[in-house]
Structures are given as C-alpha cells and as structure tokens.
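The following blocks contain the structures, represented as structure tokens.
One chain, chain A, appears in both complexes that follow, with chain B as partner in the first and chain C in the second.
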Partner chain A sequence: MIAGFERPSQGTIRLEGVDVTATPPHRRNVNTVFQHYALFPHLSVWDNVAFGPRSRRLAEPEVRRQVGEILERVRLSELAARRPGQLSGGQQQRAALARALVNQPAALLLDEPLSALDPGLRSTLQEELKRIQRECGISFLIVTHDQEEALALSDRLAVMNAGRIEQIGPPRQVYDAPSSSFVARFIGRANLLAGGDGRSQLLLRPEQLRLQADPLPSDPAEQAVRARVTAVTFQGPSLLVELDAADGSPLVVRLNRWDAMASVRSGESLWVVWQTAAAHRLTV
Partner chain B sequence: MNASPRSSVAEARPSWPWALLAPGLLWLLLWFVAPLASLVPMSLSEPRDRFSLAVNFTGRLDNYAEVIGQYAPILLRSLQIAGSASLIALLIAYPLACWISFRGGRFKGLLLGLVVVPFFTSYLVRTIALTTLLADQGPVLSLVRALGLDGGLESIGLLSDGRLLNTAAAVVIGLAYNMLPYLVLPLVVSLESIEPQWLEAAADLHAGGFSTFYRVIWPLSLPGLSAGVVLSLIPGLGDVVNAQFLGGPNDRMIGNAISNLVLVQGQAPKAAALALLLMTLMTGAVLAQVRRHGSRELTAS
Partner chain C sequence: MSRIAARLLTLWAGLAYGLLFAPIVVIVLFSFNLPSGRFNLIWQGFTLENWLHPFRDRALTDAFLTSLSLALAASLIATVLGGLMAIGLSRSQGRAHGAIELLLVLPLTSPEIVLAASLLNLFVQINLPRGFGTLVLAHSLFCLSFAALTMKARLGGVDWSLEAAAQDLGATPLRTFGQITLPLLAPGLLAAFLLSFSLSLDDYIISAFTAGQVIVFPLYIAGAFQREISPQIHVMATMVLLVSIGLLGLGLGSKDGE
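After this line comes the complex of A and B, so read on.
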C-alpha cells in the first residue's frame, strides 16, 4: 500500500506531508527492495540500477554519475557488467538496494530483505544495511518476520498483528516494556506470571531469571517460585532451561553457560528467582 | 576420500539413457537424413528422358547455377510473401499472446486450446475453405464492398480488378492464418517466463505502462518472437498449398516451382538442387536462432 500496488480500503497515506493514497506506484517517491529482489534478468547490474534514473529521463551523464556513485557505495562497482544470474545472493541483495536507493526516495521499503540469504551472510548484510542507511540518510521501512533482525536493525520498531500496529517505539522499549502480552510473546521469549491482582500479568525475560537450589534468602528485593526442570537446551554461549512452576505454568530461564547451575538436568526441582523491580507489569 | 579421481565420477553416469534416443534417431535417419542425402547425387545428375524421373549421375554442377539464375526471382518473391504473412500474423499474435499471458487468468488453458483448435482439421481443408471466404461473391468481399472500402483497397494493391482470390494478397492472408498458432505458442512461452514482480519493480522504478513494455516485456519476449518467426517463416517459405489454391498464376512460390519441376517438367535433378538450396537456407536460419536464443522456445511449443 505504501508502494502503491494496493489501495487501502480506508484511511490515507501521507508521504512527506502529501496525500499519495491515489497516486500510482510509478509516480510515488518511494522505492522498494523486493523480497526476491526482482532484478531484471536481461539487464546488467549497471542497467538495472540505471532503470529508475532513466525512467525519470535524467540526462545520460547524470545517470552515469548517480549509478557509479551508488554502486561504489554498495561495493558493486567491479560487478557492474554482470547479469543478476551471475551474482551471489548477497550481491543481488546489494544490487537491488542500489537500484532502489539511486532514486533518492523519501522512503525505502524493504520486504524481508535478508530472508533469502543464509544466516552467516545475513548478519554481515545487517551491518552493511545499517551503514548504507546512515550514509544515505533515507528512511528504511523494513518488513521482517525475524525478531532478532527487527531488534538489531531498527531505530523504531512496530509490531503488527492482523493488520494492526500493536506497539511502536524504540526496540529497547518494545522489548523491555511491551504494551501487550502479544507483543511480549512475539518479540523474544517471555515468562508471563499472574500479577496477583487478577487484572495484570508480570513479564520476565528468560535472562532476568536465575536458578538456585536453596529456598529464597531473606533479600526483600527478590521473589521466587519453585519449579521442576522439563528440558535443557544447549545454545552455545547460553543454556535455555524450561521448567514447570508449582502452579503448572511454564517458565523459561536463560543461563550463561558458565553459570553455577549450568549442569541442571531434567526432572530436578529448583527455585526460580528474580528481582521484583525487574518485572514489567502488563495490564490484561 | 575427497581426492577421488574424476574418471570415477564419469563412470558412475550410466550410458543407457542414450538408448532412449535410439528410436527417434533411427526414424530421422531413415526418413529424413537418408532421403535428403539421396537428393545430393540426384542434384548432380541429368534426366534420362522426358517421361520418367530416372536420372544418370554425371556430376553436373550446372544444375545449381541454372536454378539460381532461373528461380532467384521466385525465391525472392516467396521470401516477400512469406515475410509479409509472418509480419501480419505477428501483428495479430503479439497482442493476443500478451493478453493470454497477462490477462488469461484461469482461462489461459482454454484460450491456448482455442489457438490450437485449427490443427484439428487438415491444413488442406482449412486452406480450401478460405477460397470460399475470399471468393468474388464471398463474405469478405461483400463486407468490403458494403463498407465501400473496395476502391481504397484496390489502390493500395490489396485487390486486383475487385478480386481477392487468385491474388498475392490472398496467399499472404492464407499463410498468415495458417502461421498464427506457430507464433502465438512460442510467444506465450516467453511471456509466461516474465515474473509479475519484474513488472511491479518497473512501476516501482517510475516506469509507466509504455516504458515498462518496451524496456522489460519486449526484450524478454524476443526469444519467443524470434522462435515464432522461424517456426512460421520456414513452413511458409516452402508452402505449396496456399499459393496453389489462393494465388494466381503469377503468385507461385518456390514450393510450387519445385513441385512443377518434378511433376510437369520431369526435371528431378534441378528440383533436387533447388530443394537443397532452400534446405540450406532454412537450416542456416534455424541454427542462427538457436545460437542466439537457445532452443527452449522452439521446442516448448
């Protein structure tokens, strides 16, 4: 809808303050990096990138200057003569980025830009994407299903559920202080405990919990519940311990792999402890 | 382990799939390559007498020189007629193929079926049926006269003395009609390979409808276009039926000339020379097409 391929059933879309709801895609000052890049197979990287400037009938020397500059920025100058079919996934992604950015849009839309890449490449390109965004100073609107990607890439993060924005804010705020249990569960893993008053829930992230064998010491700033370990998953730098609390509700705790409790096994009964102040209260 | 010699990989590939080629290969050898090869000595022979097709091999190369001198004008006219027919068929086929590919939706299969339906009737019958349509009192000319277009069409040479049948225009119409499926099918194959996302990308990059057509759709349809032109031009160039039934005595094509040489003049060696020349020309065209665009569109239909 922002790119203009679909019309909203109601409401308006404003771009730099101008209503563009009825403007067709080719007249909008918005460009898109498509999920599978949609590079033109019959054109070289150079001609793909020059497609937009030529559509806008820029003089050819100006086209050359802009295309050369943006290819430099995404580090594809060496491969400008290649066809998309001769590029790796990461290179195609950068070509698609250059093809959209060269038009200096008011906003750049990226539809799951990294989803077609393998995980190793993904994190490199995340950094690359951030660098390019900072250099160009153009707003990037990124759609992703990958929560880690969302947290890592964004300055502002909107969580959408069934077409509605549930929450919008800086990634830290969305993670630490979600506005609903949907957001809490959607971004990262969440432990939701009864708030005690029947109308609210307490959110505790797995890394805010700690395990210990002894019952609670007399620290008034901490709380604890008794739980039984049901599964332990080794994840490299950390361990994910899943437990059932005494009241039957599931809990998940992330431990540093050097944590004193890192050798817990399924079936053991333990205490799950947290700082009372760390809990975020959600109104149901 | 990872340094296993390359030869073992080659050995691992079974050779029996080649056997699948055998029946087709044998068939082509027997009924295509062998008769064609037998034309070579025949084209270098002289007729034994005027009443049979029997020949004496004399190594006579003059047959080639003579048919080139004698039939170059007919060959040229055949190229003109087949070329115009191919062009007209293309002007009809291109928008049709676009419409089927981009707007066909769930009727795509049905529409393609309709394009192929004429093949269910014999080529000869279809062409003879055209004589009724194009006849002096036939529906086409009646419509033209009713619309008062006969004068205009006469002046641009489409009608001669108010007639359509037995003119070069009728041959072109007949050929164009018969060529249509050969153009539509490869074009659709080409257009089908255009991802809708590329068209969205073009719009996203500020290209309007026309710009999208000639910078994305047109270049990507070229393989199908060139395959279609080859597939229609080659049978068109060698065609006998359309010129015989729809054309006048001056609209004979190269195919008619070959058949006339054999059946009327008893000049089998010259016919063979002419046929081989035509064959060489067409093979060259096909090879050029395959070299440029590959054989996908040629064979896909």
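After this line comes the complex of A and C, so read on.
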C-alpha cells in the first residue's frame, strides 16, 4: 500500500505531508527493495541501477554521474558490468539497494531484505545497511519477521498484530516496557507472572532471572519462586534453562555460560530469583 | 554388462540412427545428382549445377515462396494471439480457465483430417473463396494452439515481480512492457514463432483442403511425382534442413552461454 500496488479500503497515506493514496506506483516518490530483489536478469548491474533515472528521463551524463556515485557507495563499482545472475546473494542485495536509492526517494521500503541470505552474511549486511542509511539520510521502512534483526536495525520499532500496530517506539523501550503481552512475547522470550492483584502481569526477561540452590536470603529487594528444571539448551555463549514453577507456570532463564549454576540438570528443583524493581508491570 | 553386449548395443543404436537419417542423407546427396530424365531418382553423376541454379524450376520456386510467406503470416498471427492468450491464462484464475485450456489442446489431439474437412466445410458454407486468405486463416488456427501452449510453458518461470519493480522505479506501464515484460517473454515468443513456422511450412493435409488454386511447397512436391522431380526440390529441401540445423545450433549455443 505504501508503494502503491494495493489500495487501502479506508484511510489515507501521506508522504511528506502530501496525500498519495490514489497515486500509482510509478508516480510515487517511494522505492522498494523487494524480498527476492527482483533485479532485471537481462540487464547489467549498471543498467539495473540506471533504470530509475532513465525512467525519469534524466540526461545521460547525469544518469552516469548518479549511478557511478551510488555504486561506489554500495561498493559494487567493479561489478557494474555483470548480470545479476553472476552476483552472490549479498552483492545482489546491495545492487537492489543501489537501484532503489539512486532515485533519492522520500522513503525506502525494504521487504525482509536479509531473509534470503545465510546467517553469517546477514549480520555483516545489517551493519552495511545501517552505514548506507546514515550516509544517505533517507528513511528506511523495513519489514521483518526476525525479532533480533528488528531490534538491531531500527531507530523506531513498530510491532504489528493482525494488521494493527500494537506498539511503536525505540527498540529498547519496546523490549523493556512492552505495552501488551503480545508484544512482550513477540519480541524476545518472556516470563509472564501473575501480578498479585488479578489485573496485571509481571514481565521478566530470561536474562533478568538467576538460579540458586538455597532459598532466598533476606534481601528485601529480591523475590523468588521454587521451580523444577525441565530442559537445558546449550546455545554457545549462554544456556537456556526451562523450568516449571510450583504453580505450574513455565519459566525460562538465560544463564551465562560460566555461571555457577551452568551445570544444572533437568529434573533438579531450584529457586528462581529476580530483582523486584526489574519486573515490568503489564495491565491485562 | 559384458563387453560384447555393450558392443551389440552400440551397433543396434547405430543401426537405428542410420535408418532414421538415411532418407535425409539421400535427399542431400541427390541435390548433387545430374539426372538424365525428368525424375531425379537414380544416381547418374556428381554436379554443382543444381546448387548454382536453385531457382531454375519456376513453379517450384513460386510454391516455395508462397509457403514461406504463408508460414510467416500464420506464425506471426499465431504468436501474437497465442502469446496474449498465454499471458491472460497465466495471470488470471477465472472459472473459464479449464474450458479455454481444453479448447487449446483439442486441435492438437483431434486428427488433422477432421480439422481440415470441417474448415473446408465452413469456408464453403460461408461462401469464402479458397485461396491464400483461407490458407492463412487455417494455418493460424492450428499454429495458435502450439504457440499458446509453448508460451504457457515458458511463462511458468517468469518472475512477475519484475514488473512491479519497474513500476516502483518510475517506469510508465508502456516502458515497463517494452523494457521488462517483452524481453522476459522474448525466448518464449521466439520458440512459439519458430515452432509455428516449421509446422506451417510442412503442413500438407490442411493445406490440401483449404488452398483452392494456390499451390504451396508440400502440395507441389506431392504433385511432382506425377510430372517431374527436379533436383531443385532436393536443393530446397537441403536448404530448409540447413536452416533448421543452424537454428538448433544457435539455440544450443545460447543455452551453453548462460
């Protein structure tokens, strides 16, 4: 709808203050990086990138200048003569980015831009994407299903559920103070405990919890529940411990690999402890 | 498999291919024959005379040219209409889908003689004089099915999001069609055109029923057995063969290049 391929059934879309609801895609100052890039297979990288400027009937010297500049920026100058089929996944992604950015759109849409790449390349390109965004100063609107990617890339993060925005804000705020249990569960792992008053829940992230064998020492700033370990998953730098609390509710705790309790086994009964002040209260 | 069995298999395959290609070899060979009578059927001696004067046989040349222009007209019509049909079919999910596809396949599966007879019947009924016009109509009709189905098969691999990408980059619908859609369709269109062309060029049955007084290449050759078989027939047949081999080589070559 933002790119103009679908019409909203109601409401308006404004771009830089102008109503563009009825504007067809080829007259909108918005460009898209498609999920599978949609690079034109019969054109070279250079001609792919030049497609937008030529559509706008810019003079050929100006086209050459703009295309050369943007290819420099995404570091593809050497590969300009190649066809998309001769590029690696990461290079294709950068070519698609250049093809969209060369038009200096008011906003750039990216539809799961990194989902087609293998995980190792993904984190490199996340950095690359941020660098290019900072250099161009163009707003990027990124759609992703990868929560970690969303947290890592965004300045503002919107969580959508069934077509409605549940929450919008800086990533830290969305993670630490979600507005609903849906957001809390969607972004990262969440432990939701009864709030005690029947109308609220307490959110605790797995890394805010710790395990100990003895009952709680008399520290008034902390709380604890007794729970039994059901599964331990080794994840490299950390361990994910799943437990059942005494009242039956599931809990998940993330431990540093070198934590004193890292040797915990499934079936053991332990105490799960947290700082009372760390819990975020959600009203149901 | 033992060595003897392997040799026998090779021999068998050689025989099969030999039998398959022997008639074609004979045609090529006899284009260099120096016939004594009116029938170029017995080897007399080698000459380049036939190749130096390939168009000496006036009636044959006329028939050949008629066939070429007929094939050109029919395959152009069939490729354009068939291409549009295929695009329409691949983009819509209408309820008429199945019915249209059945109608497309029907001319391929029904005997050619049925189509030929019913076309003649139709032309007589509506009092349309038989001639080049009816030939073009009839040939376009049976080529249409082949062209549409060839295109449809090729369209399966076309990524339509490229059109969205072109529009997103500011291309008008016309520019999108010219710069993106058409190049994407080009291989399929070419395949449909070449197939239609060769089908039209060698069609006998439908031409025999719808040609009227016009004589096309296959009709001429069939008739030649009663009058005269000039070596020029062999020359032209060899030319057609060479063009086919050339196109095939071109197709294989471009596939290797990708």
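Basically, the second predicted complex is superposed on the first by the 284 of 284 C-alpha atoms of A that agree within 3 Å, B and C clash if a C-alpha of one lies under 4 Å from a C-alpha of the other, contacts with A are read in each partner's own complex, and residues count from 1 in each chain.
By definition in this document, a contact is a pair of C-beta atoms (placed from the backbone, for glycine too) under 8 Å apart; a residue touches a chain by one contact, two chains touch by 3 or more.
Please read all numbers here as calculations on a predicted model, not as lab measurements.
Superposition of the two structures on chain A leads chain B and chain C into a clash. Once chain A of one complex is fitted onto chain A of the other, the partner contacts of A:Phe234 are absent, as it touches neither chain B nor chain C. In the overlay built on the shared chain, the residue A:Phe34 is in contact with chain B and with chain C.
In the superposed pair of complexes, A:Pro25 makes contact with chain B and with chain C alike. When both complexes are aligned on chain A by C-alpha atoms, chain A residues 3, 5, 24-27, 30-32, 34, 36, 38-42, 51-52, 55-56, 99-100, 103 touch chain B in the first and chain C in the second.
Across the complex, chain A is touched by residues 159, 161-162, 164-173, 175-176, 179-180, 183-184, 258 of chain C.
Note for the complex: chain B touches chain A at residues 195, 197-198, 200-208, 211, 215-216, 219-220.
Interface residues of chain A, counted against chain B in their complex, comprise 3-5, 24-27, 30-32, 34, 36, 38-42, 51-52, 55-56, 99-100, 103.
If you check the complex, the residues on chain A that touch chain C are 3, 5, 24-27, 30-32, 34, 36, 38-42, 51-52, 55-56, 85, 99-100, 103.
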